Each structure stands twice: as structure tokens, then as C-alpha cells.
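Chain lettering (A, B, C and D) follows the sequence in which the chains are written, and residue indices restart at 1 in each chain.
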Amino acid sequence: MNTTMTKTTSPPLPLSPSPMPDVQGAADARNVAINKVGVKGIRYPITLKQAGGGDQHTIATINLYVSLPKHKKGTHMSRLLEILNKHHRAMTSAMIVPLLREVRAKLDAADAHIEMEFPYFIEKAAPVTGAKGLMDYVCTFEGTSNSVDDFIMGVRAPATSLCPCSKDISERGAHNQRCAITARVRTKGMLWIEELVKIMESAASAPVYAVLKRPDEKYVTEQAFDNPKFVEDIIRDLAVALNKEDRVLWYSIESENFESIHNHNAYAMIEHDKREMQKPEASSQ
Amino acid sequence: MNTTMTKTTSPPLPLSPSPMPDVQGAADARNVAINKVGVKGIRYPITLKQAGGGDQHTIATINLYVSLPKHKKGTHMSRLLEILNKHHRAMTSAMIVPLLREVRAKLDAADAHIEMEFPYFIEKAAPVTGAKGLMDYVCTFEGTSNSVDDFIMGVRAPATSLCPCSKDISERGAHNQRCAITARVRTKGMLWIEELVKIMESAASAPVYAVLKRPDEKYVTEQAFDNPKFVEDIIRDLAVALNKEDRVLWYSIESENFESIHNHNAYAMIEHDKREMQKPEASSQ
Amino acid sequence: MNTTMTKTTSPPLPLSPSPMPDVQGAADARNVAINKVGVKGIRYPITLKQAGGGDQHTIATINLYVSLPKHKKGTHMSRLLEILNKHHRAMTSAMIVPLLREVRAKLDAADAHIEMEFPYFIEKAAPVTGAKGLMDYVCTFEGTSNSVDDFIMGVRAPATSLCPCSKDISERGAHNQRCAITARVRTKGMLWIEELVKIMESAASAPVYAVLKRPDEKYVTEQAFDNPKFVEDIIRDLAVALNKEDRVLWYSIESENFESIHNHNAYAMIEHDKREMQKPEASSQ
Amino acid sequence: MNTTMTKTTSPPLPLSPSPMPDVQGAADARNVAINKVGVKGIRYPITLKQAGGGDQHTIATINLYVSLPKHKKGTHMSRLLEILNKHHRAMTSAMIVPLLREVRAKLDAADAHIEMEFPYFIEKAAPVTGAKGLMDYVCTFEGTSNSVDDFIMGVRAPATSLCPCSKDISERGAHNQRCAITARVRTKGMLWIEELVKIMESAASAPVYAVLKRPDEKYVTEQAFDNPKFVEDIIRDLAVALNKEDRVLWYSIESENFESIHNHNAYAMIEHDKREMQKPEASSQ
């Protein structure tokens, strides 16, 4: 029906009464399955439950994918948008797996994947004056649903790191800097973002704050000086803390320190699966 | 009092009863005034009024500055945070100038500047099926307060551009691509983000959408093909539209087209002050 | 020796004749091994061999890490910089594994990792007029050395994608857009960046170019219109091509299409290990 | 000639002997001049002269624009690429204005603009051990040619800033952090990037380095502690230094300090035109 086409600027034709061809629904002969196909970089407002009660409105950047078997030509991406549109007003971590199961059903897919990144705000009081301000933490939800369901929560927390070597070898002062600590965790039971942030900030030389008055600035300067930590120390102290937290089953943690004396960053990373640990210990008995 | 210091890890000392020195408040002898000094890159939740009624919760990245005269050593940055903290729950465009005046008063500054960037969501219906989805537009507020007050609202709207040359010289098809149109305007009277977006999208070959079903995709494909526009055309058609909108006094508009046949972008920019136009015309009479 | 410190501004003290303490070299009692620790975000000029002969000067962003066993407190990051400094003038893909082995030896580490990203330029002639221009491709080298050595080369190539559905259902035109195709490969034997780029560009609706004159623009417009491909098709056709290339043992490929009718992107990904394929086939005999 | 089109996949047609229409060269009736139109985001290898002799190969991201008068429909963007292609092997600051004049001539334009950003590497010796490493500085060239010619060179230099307030009020230590100092200058006579970097780094609490051994780390830690500076101090000390440098006619300088105790940055900016200063002084005699 498309054999004669004009290039003149004409108004859109009336919709044909015959159904449009479903190009994506055709068969495919290349014999190649696709791990992930879908939509990337969607920005959406979402509403999250807070640890202390109440809702928080924030904005997420979302990727949503399904797998595609060898014999299918394409997926129906607009359905992914429709499902998102339906759920974004109540996007808690508990909603991720049900949403992915709905994706699998509506798109007839064996696997569904979601990746979300969003800022999350926590009110924080300065350590001496108690002056309050909002701190933003970049958080992530990663979910997969196939024969089993998987969910990873991530938090990036800024903090202060103060170099033990610099403190030890110098007559006065010690170089320090902002660092970005990231933790991604698999849990059993609910772990609030607020709880994970507290664990993470305790691993640094000192937390950072939204508002600090002079007495607060004195306090955090001395706190950092009294807690010198290499990037290795931050990440190890965080590992020790997460090892003690029974709700955490697996973690991948890293810290990137924006060295004040260099133009490059110091970095350390640990990934650990407690479930794997337990198996060899059991077998060694 | 700081003459003997130990490097041992001691608990923070009790706060001295004598007031801490105000280092920022000291005098400065270098004879150099500072145009802008303050805080940059603060992320904050804000609440905006919508054109159709109701509030919208979003997240802004904010810079807030004052000027500093020659004789003053420093500004008090924590006060900037305190003022932000007080107002962020009701941050409409009408609040910008009052907030800047408060900044000037609280910091005893001749000038105050704010720059805010935030995503703003508008529900958009697909052109044929009416399927609804949220489109995000990156918006900006820029304000200055000194002897006069100034406010600029900005919107970046994605759209489709289809190349007239490619269409004209090719036997079939025409290269097209997403473009990012940006408009920054000074106005008299209220111009809603929703109104500016509508004007901007009309200047492109076609708007883009959050959700499109097949009949919609056919419609926008043909709409773009029937409205071929160079980056020059988009920006000129937008200039013509803003020239007709009496509430707009000044504009700076640009379009960046992410060319589908090149690895670089096509770009065009026009800045125009209607108030300057009128003066020479008046004087030529 | 650090017990008395003054806060007055004094000149740096003469270096002590006694050796400084090696804080990083101390023992650690936390019983936590670190997967990766090192330097991140180093920008360095590097020199690469070109397929057609001659050298190419470019700039890499480099991360360089080692593993750290449980009993060691810290790594010596400055040694990583010294090793980089020694080798950057001749940084071919063949140099990656020897450099990592040197890192392991100098830092007494069981594992060493490198990640490099750099633009690589290839001169490309327009398809009809032959007008020449430089195209830039973002490339990556990823290397690991421990009990075995591993090397992955990556290339990101921009290209044109034209939507088969849009073409099929529309009376005229078809939406198209720039896409970014990425391939990461493990190989046996040498595969030049130039060779991988050619394979990747063949999988798209059309390649993109640095310079196109009008006859070229007509050519690529029609070429894309004659080769409509979903993001699924691009990635599958690339998989088929890499399956045929015997030097490629493993690949992870993706395409992100910057949809001209949407504000989000279409995405597809396939990861495939040919070596795993062969084992089950062998065992099934 | 385009009235009948088939959608079948046919080979590209032979080029028509009749010349293709020059769509960009047509007349325009909208009566709107365009300030800037051209190509954006081109990545290109360039070769620069170094202060100490010899050439440096680096990679620039380039925007190249012309103005377009009311009566012309479009510009010929491929010509911009051709001119770039011809000159990139010898792109010194002295080449910018001649290149822009060539652009104006080849595109018959009243104005031409270029913006270039590139990393520039300087070998730097550690302050005590003399250990050498390459530091990268992000530099910019901005040029305009119309009735007069204009050229601005910019450099961004990382450095260390140490807070005077934190040092003064704390019993031990002082918060410090990396900062990014930026200077853009108009000059008479040649000012090397290397010279400007030296002036900029002297304005901070301490420079940063590519490689530091322990004696160097002690030195820079103490140097920063002995030179506490607010962001206001850094920018004022840089202003004082540039006021003394006779080759600098105009400057816009800023510093962004990545505060180690906050999640936001401290920022200060000064713009100053020495030429404007001299006029009122002359008239006051």
C-alpha cells in the first residue's frame, strides 16, 4: 500500500481502518537471543516511604529491560512505559519485584530488569549546634526477575577522609578531602536507606553536613583529625560493620577519595557474599 | 591557646565559653572586590506551582552567591544555607526576588545571585491514541538582586528535527534526529513553563512524546517529514513566535541537533532584546 | 617528635635524617582482604600503533588497581604512578599484560587491574565524493593479571539507526537517529580497532561520517532508508558478524539509540562466550 | 522528480548529472538574523607548541560558528569541517584568528566564533624528591573575528585549599580539599599556558602534584597548613598577581572548592578589565 509516495507537504492521512502491521511481533531467523532490550534514561517522579514515617517525593532515572528469545523479532517498548506510568506514584523498594513480574507477564518475557537512580534527602543536625539541613544521597534500586527474584539497594554517601600517613609524617596538619562511599547490598528483611547511611558514615574519618556553624566546624575538623583513615581503612571498617549487620547477605562497597594533594583519586573496593562464606565453613567441619 | 597540640586521639574538647573568632568578619587590605562568592552545587527538593493547578515536587541544583566589597575578608556561607532551608518548600518563580533580597539583608551584601536547575514534568497525550505519559523538561531560574531586580526563566525541550536538504536531494527518506531546544526569557507578567514549552515545541519538525502507540508513531513520522527544518529554521521560527508573545521582553534561544548522519551536532543561537529594538525605532521617527 | 606543634606560619622544617615511618606497610588486624585498591581518574597522553602503520597520539583516562591481602594495611599508590609514567609513551594493547605483571611485582600484589578509556581517530572518506575527515571512536582497554591474564578491548562507534516499524506504517519518511554501538571483545590473535569498527558499522542502518557533501548526504539518507533496523536488529546483526569472526572468543555488545521521537533511548545488549558454547557441544557427542 | 518512490531496498541511484539544489543557499523571508550557527562537539587531535620547546599532541573538543544575516536561509556546515581538517595539525593560539578569518571568507560571514577545550600536560617535579610526573590542565581557546578580533585563553588548575577559620578555631588539624581554579585572560603579547599555571598555583594554599613520595607529602601538607586560604583569598591573591602581570589586559577568574566537610562547594569569581580601569583614571587628571 506504500508504493506511491509524494514528497509534498500534505496533512496526515486519516487512519486506515485495517490494522497496522505488528513489525515487532514478527518471527526472527537469526537464531540470536537478546539478554536485555528496552528503554533507557527515562526520568520520572517517584514517591518513597521514609524510615521515620511519611513520604518523600523525588526524581528517578530509570532503565527497564526484558530478555528476548531467539525467535521473536522485537519487543513492545511502549508497554514498558505504560507499566512505569501506572506505578510511579508509589515506588517503594518492595514494589520493584512485583513491577518486574508484571513486566514479564505483559511482555511475555522470561526475564525483566530494572535500574533506578535517584537522590534521597535526609535531614541532618549539625553535631554541636544542632542546626538542621537536608543532605542528599544518590541511591539506586536494581532488580531482576526470572526464575528467581533479585533486588540490590545502593547508596552513595559523601564523607570526609583524613590521611594517616600525612598526619603521621607532618609536623602540623594532615591532608583531608571529601570522599564518595558507595554501598550496594542484598538483604533479608527491610533495611532502610537511613540505616545504611548511618553505617556508611561511621566508617569515614567524619561525616559531612549540609549546615555547620563555627562550633560545628571545630568539632568535625577535630573529629576527622582524630580519626585518620586511608581509603583502605574506610572500606575495611565498612566491611566489618556490614559483616555484623545480619540483614545484609551480600555487599559491594567502594570509596573514591578526591585527594586534596593530587589531581587523581584514591579508590578501594570490596565485594563479599556472606552466603558463600558460610558454605565452605560448614564443609570444613 | 593553641600552642601545645598533641596528635593523640582525644575526645572533642568542651566548647570554650569565650566566643570563637569571626575570621570571615575581619578586614581585608588587598583592595579587591569579589563579584560573586557563595555556595555551589546544592541539591534541594523544591515545590512549584503548576499551570493547571496543584503543586509539583521536584529536585533543584542550586548556586547562591553574594558580592563582597573590597574591605571585607569573607562571607558567611552557612547563612546562605539557612535561608535556602527556610524557603525551599514553596519555591515558585515569584519567590526568587524576595529570597534574594533576604540574602542581601542577612549577609549585608550589595548583590545577590541565584541559579537553579530542575526537571519539570508535564503530562502529555499521544497525538492520535491519547495515551498519556510524563515528559521531563530541564528548567532554570536565574535571579539577580542589586539596585534593580532581574529574573530569567529557562526551559530545555527535546524535539524532532528533519533535514530539508536531505529530504530534497534524496529519492526516499530524510535524516532526522532528536534536538534540544533551549529558551531563556525575561518577561513582564507571568509566563508558565507549560506555555513556553508549547511555543518551543511548535518551532520544531515535531514534538517528542513519552508514550507513542503505533498510530501515534505513524502520525509523528509523517508530521516531521511534512515539516522539514534546519537548525536555522527551528531557531528562527521560535524567534518569530517569541516576537509575537507580548509577555516576552528578552530571549536567548538555541537548538542543538544531534545529527543522525554525523558524530557532531548542528547548533544555532539567537539573542534578542525587544526593549532595545523599540528605542532606536522611537528615535528614528 | 610531634608532641609540640605551633600554629604559626613557619617554613617547612629540614628533612629528618631518620627514615619516615612507612604507615602503609604496617600490619592490619581486621581480617578483611581488599579486591581492588589504587588510583582512579588519571589523565595521561598515550601513543598507540595504527592498523595502517604509524603511531597515534591520544589521551587516556586510566584507573590502576591491585588487590591487598588481609594482613597488609595499605598499598603504595605512588608506585602505580611511577610505573604508568615509565610506559605511557608506548601503550599498545600488547603492553597491557606486561605492565600489569610489573605492577604485581613492584607492589607485591596477587592481582593487578587496569581500565583505560581514550578517543581513537580514524580517517574516513565520504561514500560518494571521497571527502576525508577524522572520526573519533571512544575505546577502552581492560586488563587483569593474576594466576591468568585477561584483556578486553572495547570500541564505541556512533551510527545511524532507522526504525522499520515507523517506515512500514508511515506513508512517507521514517524516524531515524544517531545510535551508539559498543562492543567489548576478548580475542585470540590481534584484532585492530579499525577492523572492529568496520564490523560494528556494518551492523547499523548506515555509518556516520565526519564530512559529507550533498551527494554523500543523499547516499547515506537512502542507505539508511533502505536498511531499516530496530535496536534489536543492530545488536543481532553485530552478534552474527562477531560469531563469524574467528579471532573473537567472547563479546559483550550493546546499542543505545537516541530515539528522535522520544525523550528516552532504546537499548539492547547481548553477551556471549563462544568458548562456553563449544564445551556443551563437545560433550554432547 | 521525486513523485514516485518505492520502499523496496534498491541500490543507490547513480548521481544525477544535473546539480543538486542548494537548499541552504536559498533566500529567507522571516527577517531574523542568527547570532551563531555551526557545528558543536567535534573531537579533533591538535598539536600545540610548548613553552619549553617541542610540540604537544592533544585532543580538543571544538565548536565552530558563523553569524547568518536575515536574508540567507542556511549556512554550509561541511565547509567548517573542511577548514578544521586543514589546520588541526598546527593549532597554536596564534592560529585561531587567521583560521576564523578564513572561515568568514569561505562562508561569506560577518562573524566567526570558535570554542576549544583540551587537556594540556606539564611535567612537574615533586617539591622535595624531585620525582617527576605529568599534570593535566584543562585549557580553552575562545576566539571571535568580526570588525575586530578577540582571543581568550583559559586554564583550569587543580590545587589545595586549607580553611583559615577551621585552622583558627580547632585545637588540631584544619579541613582542606582540592579546588579547581579557572582563569580566562585576554593578553597583549604571548603568555604561555605554563606561565599562567604557575601564577594560578601560587594563589592556592599549595599546588597539587602527579607523583609525591613521603618527604613530598610531608612538605605539601605543611605548606598548605602554613598557607590557609578561603576561596575568597585564593581568588583575591590571583587577582593581585594578574594585576601585576602587564601582559594580561582582562581576566575572569574563579575557584570552586570541593569542601571536605560539606556536600556542596564554595565558589568565588572576579572579572576585571584593566583597560576600563585606566580610562577613568586618565580622565580624572
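As a convention for this text, contacts are C-beta pairs under 8 Å (C-beta built on N, C-alpha and C of every residue); 3 or more make two chains touch, one makes a residue touch a chain.
Every value quoted in this text rests on a predicted model; they were computed, and no experiment measured them.
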From the options A-B, C-D or A-D, the pair that copies B-C, where over half of the contact pairs coincide: A-D
Chain of greatest Cα-centre distance to subunit D: A
Distance between chain centroids, defined by C-alpha means - subunit A, subunit B (Å): 27
Distance between the centres, which are taken as Cα means, of subunit D and subunit A, whole angstrom: 34
Mean-CA-position distance for subunit C and subunit A (Å): 23
Sequence positions of subunit D contacting 2 or more other chains: 2, 5-7, 13, 20, 43, 136, 165, 167, 169, 171-172, 210, 212, 214, 218, 222, 226, 263-264
Subunit B partner contacts - residues on subunit C that touch it in the complex: 2-7, 135-136, 158, 160-163, 165-166, 169-178, 206, 208-210, 212, 214, 217-218, 220-222, 224-226, 258-264
For the subunit B and subunit A complex, residues of the former touching the latter: 5, 7, 9-13, 15, 20, 22, 43-45, 56-59, 78, 81-82, 85, 88, 119, 121, 128, 131-134, 136, 167, 172, 210-215, 218-219, 222-223, 226-227
Sites on subunit B touched by subunit D in the complex: 2, 5-7, 13, 20-21, 23-24, 28, 30, 32-43, 63, 65, 68, 73-75, 77, 164-165, 168-169, 171-172, 230-233, 235-237, 239-240, 256, 263-271
